[in-house]
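Next up: the structures, one after another.
In the two complexes that follow, subunit A is the common piece, with subunit B as its partner first and subunit C second.
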Partner chain A sequence: MTGQALLWGALYALPLLVRSDFLLTIFIFTFIYGILAVTFDLIFGFTGQLSMFHPAIFGVSAYMTHLLAVHAGLPFWAATLPSAAASVVLAVVVGSICFKFRLKTFYFAVVTLAFSEMIRLVVMNWNSVTNGTLGLVVAGKPTMYWPGSGVVPIKGPVAWYYLTLVCLSVTVLICSRCLRSWMGRCFGAIRLNEDLARTLGINVFRYKLLSFAIGNALASFAGGLYGYYTGYIDPGYLGINQSMEVLAMVLLGGQGTLIGPIVGSLVLTGLPHAIDLRAELRAVLYGAILIFTILVMPRGIVGTLSAWRSRRVS
Partner chain B sequence: MSLEVRGLTKRFVGLIAVADVSFTVEPNEIVGIIGPNGSGKTTLLSMMAGLLSPTSGRVLWKGRELQRLRPDIIAGQGVVKTFQNPQVFAELSVFENVHVASHLRLKRELGLRRALEIVGAARDVERRLAERVAEVLALCNLGGATRQFAGNLSYGEEKMLGIAMALMCEPELLLLDEPATGLGRDEIRNLEAVLDKVRAAGTTLCLVDHKIGFLRGLAGRVIALNYGQKIAEGPPEQVLNEPAVIEAYLGAGHARA
Partner chain C sequence: MTQLVLGQVLNGAIIGAMYGIIALGITLTFGITGIVNFALGEFMMIGAYATYALAERGGLPYPVAVVPGCLVAAAAGYLSNKAFFRFTRNNLVNGLLVSIGLISIFESAAMLLWTATPVEMHFVLPGALRVGDIGLPKMKLVVFAVIVVVIVATYLGLARTWLGRAAFAYAQNPEAAMLMGVHTPRLETAVMLYSTGLAGLGGALYASLYSLEPAMGGVYVLKGMEAAILGGIGSLMGSLWGGVILGVIEGVGSILLPTAFRDAYGLAVLVAILLFRPAGLFGDE
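On to the complex of A and B.
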């Protein structure tokens, strides 16, 4: 517990100590992907449902936040809320279909992937709104109220660092509150033994759907942030490789933990920058590290470390 | 009348597992269901708990039909079943296992207000819940194993944990599927003591077993099944002396021997 507090403290203090835009940029991407990975872990690591729907939410919310800002004149923050609401609607529709038919593991993954691909095709071909494969340029900036200077746009690495870090912290806080309550007990029961959960009076359908909806609603903020940060949105946001990336982060960092996905996100976003190799070699090394971790540390970095620590204590 | 089973039948492809079985269970009674292997005992119990849907027939609980309801709803109405092969959440501690089973109690106590618990506004309810979990574990003589992982328990302890979880659901009617099978003599004595306490607390019990000695001491009324059909019903001594029951268990040659 204190270890985690220290970690968060260090993250909040980092820009005060290090003045490297390169490093801050890596962390900004880490935090945005961290939001995706943590919310994916809520559904996968905690509730046991291998969802492949995250790319759809990531992409749809990126497009929606931007389009609402441009066409309806909403500020960034106001535009994220309808995007989150739309994500909940999508999650409830897709989740209801999957969970009513009791799709599990592999089957659930494939069907959510199919839904995600369907949405990607819609986005790609709806030229009048999304500009198709050419994508959209996001020129706006999120704004915030700053005492003394009124409403100011958020730009520059330090401001973005704090913006994304706060968003990640809020995501982790909401997830951890949910998981510590009765809701987390129901999620765990479903992951470990669905039939037993059912006979103990837990409405399995409802709690799977709840986990799926909360996870996707929170994931939508990552999409909005990513589009605004990179300044560019294209249908690649909704590609299957996004699912693989997020899954790799969670497996590497440690599934069923809230810190693990963030660690995984840091390693997998930082690694390509840290290793200065030709692109092909880098991909090989990246793959090798992933395979090695999964073979040697099936519980991920954080899972292995905490198991090692509790062994030393007892 | 609390539970009434009326003409319950389950047909699997080419096999009739339960054929037109009818009986009732009265409040605060202990009813035992006996029968040789494959006589349909577990199928019958599973249909009563909503885990299997019957081919025909009805299960009435306080006058309401149960047979089309989901298991979690049936559990919420006070009919809870344990499993023959103990089912536990192996990766959780014994305490956490029973804590998970407190879901129905929390739901009854708080309703939708349980959403407040997420922001930490219902701490006292959670505390009382944890106390209740400890009580249930003590009642089931599992107080010493609270912190152990359920996966590390012995077979008998796992079965007892299954009962503890079912009790945490606060059932009015507890359905026990072969609670004594595979247990040693001391464990059976322990089980009898626990079930006595459960009945004394006002829970009705319906249990399936083929350990006849165990049922003889416990059940007030026994129902005997063979090939899915009810062949006898009544006080234990009477049922166990019925020729049809002796024949089903030991073969025709032993009847009236």
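On to the complex of A and C.
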């Protein structure tokens, strides 16, 4: 517990010590992907449902936040809420269909992937709104109230660093609150043995749907932030690769933990920048590290470390 | 209009057969050994590029180049199984991740060797057969025939021989099969060799029809996966039918409905079928 508090403290203190924009940028991407990975872990690592729906939520919320900001004149923060609401609606529709028909593991993954692909095709071909494959340029910036100078736009690496870090912290906080409550117990029961959970009187359908909806609603913030940070949105946001990337982050860091996905996100976003090679060789190395970690450390970095530590203590 | 639909049905069936051969590999590896090989598309790419290199650069005639093309893909499959895949038995997520890693490795290796520029082979068998008003390229018909023969032969081979029964026994209960005298590690290797060799064959046939690029595997493995699930995981003939149905739905869908959503038609049908027949069309309940 103290270890985690120290880690968060170190993250909040980092920009005071390090003045490298390069490093801060890596961390900003880490935090945004961290939001995705943590929420994915809520659905996959804690509830045991291999969802492939994250790219759809990521992309749709990125588009919606931007479009609402441009066409309805909403500020960034006000625009994220309808996006989150839309994500919940999407998640409830897709989740109800999947869970009503009791699709599990592989089949759940395939059906959510299918829905995600269909949404991607809609986004890609709805030219009048989304500008098709060309994508949209996001010119706006999120704003915030700063005592003394009123409403100021958030720009520059340090401001973005704190913005994304706070968003990540809030996400982790909400997730850990959920998991400590009766909900988390039900999620765990469903993950370990769904039939047993049902005989114990847990409404499996409702809790699976709840986990899916919460995970996707929180994931929607990552989409809005990412679009605004990179200043550019295209249908590639909804690609299958995103899903694989997030899955890799969670497994690499350690599924079933809240810190693991963030560590995985840091490794996978930082690694390509840390290695100074040509793009093809970098991809080879990326693949090799992924395979190596999965085969040697099946519980991920955090899982392996904590197992190692508890063995040393006992 | 009827002509157009009929033409698309035939064309879709031929493309669908190509999905079917990948689906067969997926069904075999997953159904028998419990390994998810999502990287089959990459073995297809390897087979395609090997055939291309042997036929265009090496000067071999195309039918001769196909065989070493498959062998190269099977050899790559053998190595990946020995090094990685055999550790992911009955673990869907690890299989998926190892596959992602392999996709990344193979794709960038192909980029280094052949660059991202698409390459194309000369026409192997020019000319088209006319059936009524529909023209069907001869090479496509040959490809379709080869795939159907291969899938039916695999089905018969597994249904009628001792090896096939051993494979089914292994799929049901590996320990019991081992006790009955099945050499299980060898069987597992054989299934892996065969499925990646099949993907290589698919690639070699693909090379005679379309242009090649390092990223070609991704699309085909997805379609193959869809076809395998549509037909029912573990059902061999189901993989052929699944592929053909998928190809026809996409072909016909894209003329009756907007073409841009081509990929969505197959997916929509897949979801509908999964909801009402979770084991697929030809799978066991």
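Simple rule for what comes next: the second predicted complex is superposed on the first by the 314 of 314 C-alpha atoms of A that agree within 3 Å, B and C clash if a C-alpha of one lies under 4 Å from a C-alpha of the other, contacts with A are read in each partner's own complex, and residues count from 1 in each chain.
One rule holds in what follows: contacts are C-beta pairs under 8 Å (C-beta built on N, C-alpha and C of every residue); 3 or more make two chains touch, one makes a residue touch a chain.
None of the values given here were measured: they were computed from a predicted structure.
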A:W182 touches, of subunit B and subunit C: first, second, both or neither? first
Subunit B versus subunit C as contact partner of A:I233, first or second or both or neither: neither
Partner chain(s) touched by A:L165 [first = subunit B, second = subunit C, both, neither]: neither
Chain touching more of subunit A, residue-wise (subunit B, subunit C): C
Partner chain(s) touched by A:A283 [first = subunit B, second = subunit C, both, neither]: second
First, second, both or neither for A:G201, with subunit B first and subunit C second: first
Touching partner for A:M244 - first (subunit B), second (subunit C), both, neither: second
First (subunit B), second (subunit C), both or neither touched by A:M118: second
Residue ranges of subunit B in contact with subunit A within the complex: 49, 51, 70-72, 75-76, 80-81, 83, 87-92, 96, 99-104, 106-107, 114, 117-120, 165-166, 168-169
Residue numbers on subunit C that touch subunit A, as the complex places them: 84, 87-88, 92-94, 96-98, 100-105, 107-109, 111-112, 222, 225-226, 229, 258, 260-261, 263-264, 267-268, 270-271, 274-275, 278
Complex contacts: residues of subunit A adjacent to subunit C: 50, 97, 101-103, 105-107, 110-111, 114-115, 117-118, 121-122, 124-125, 240, 244, 247-248, 251, 279-284, 286-291, 294-295, 298
Subunit A - residues contacting subunit B, complex: 177-178, 181-183, 185-186, 188-189, 192-193, 195-204
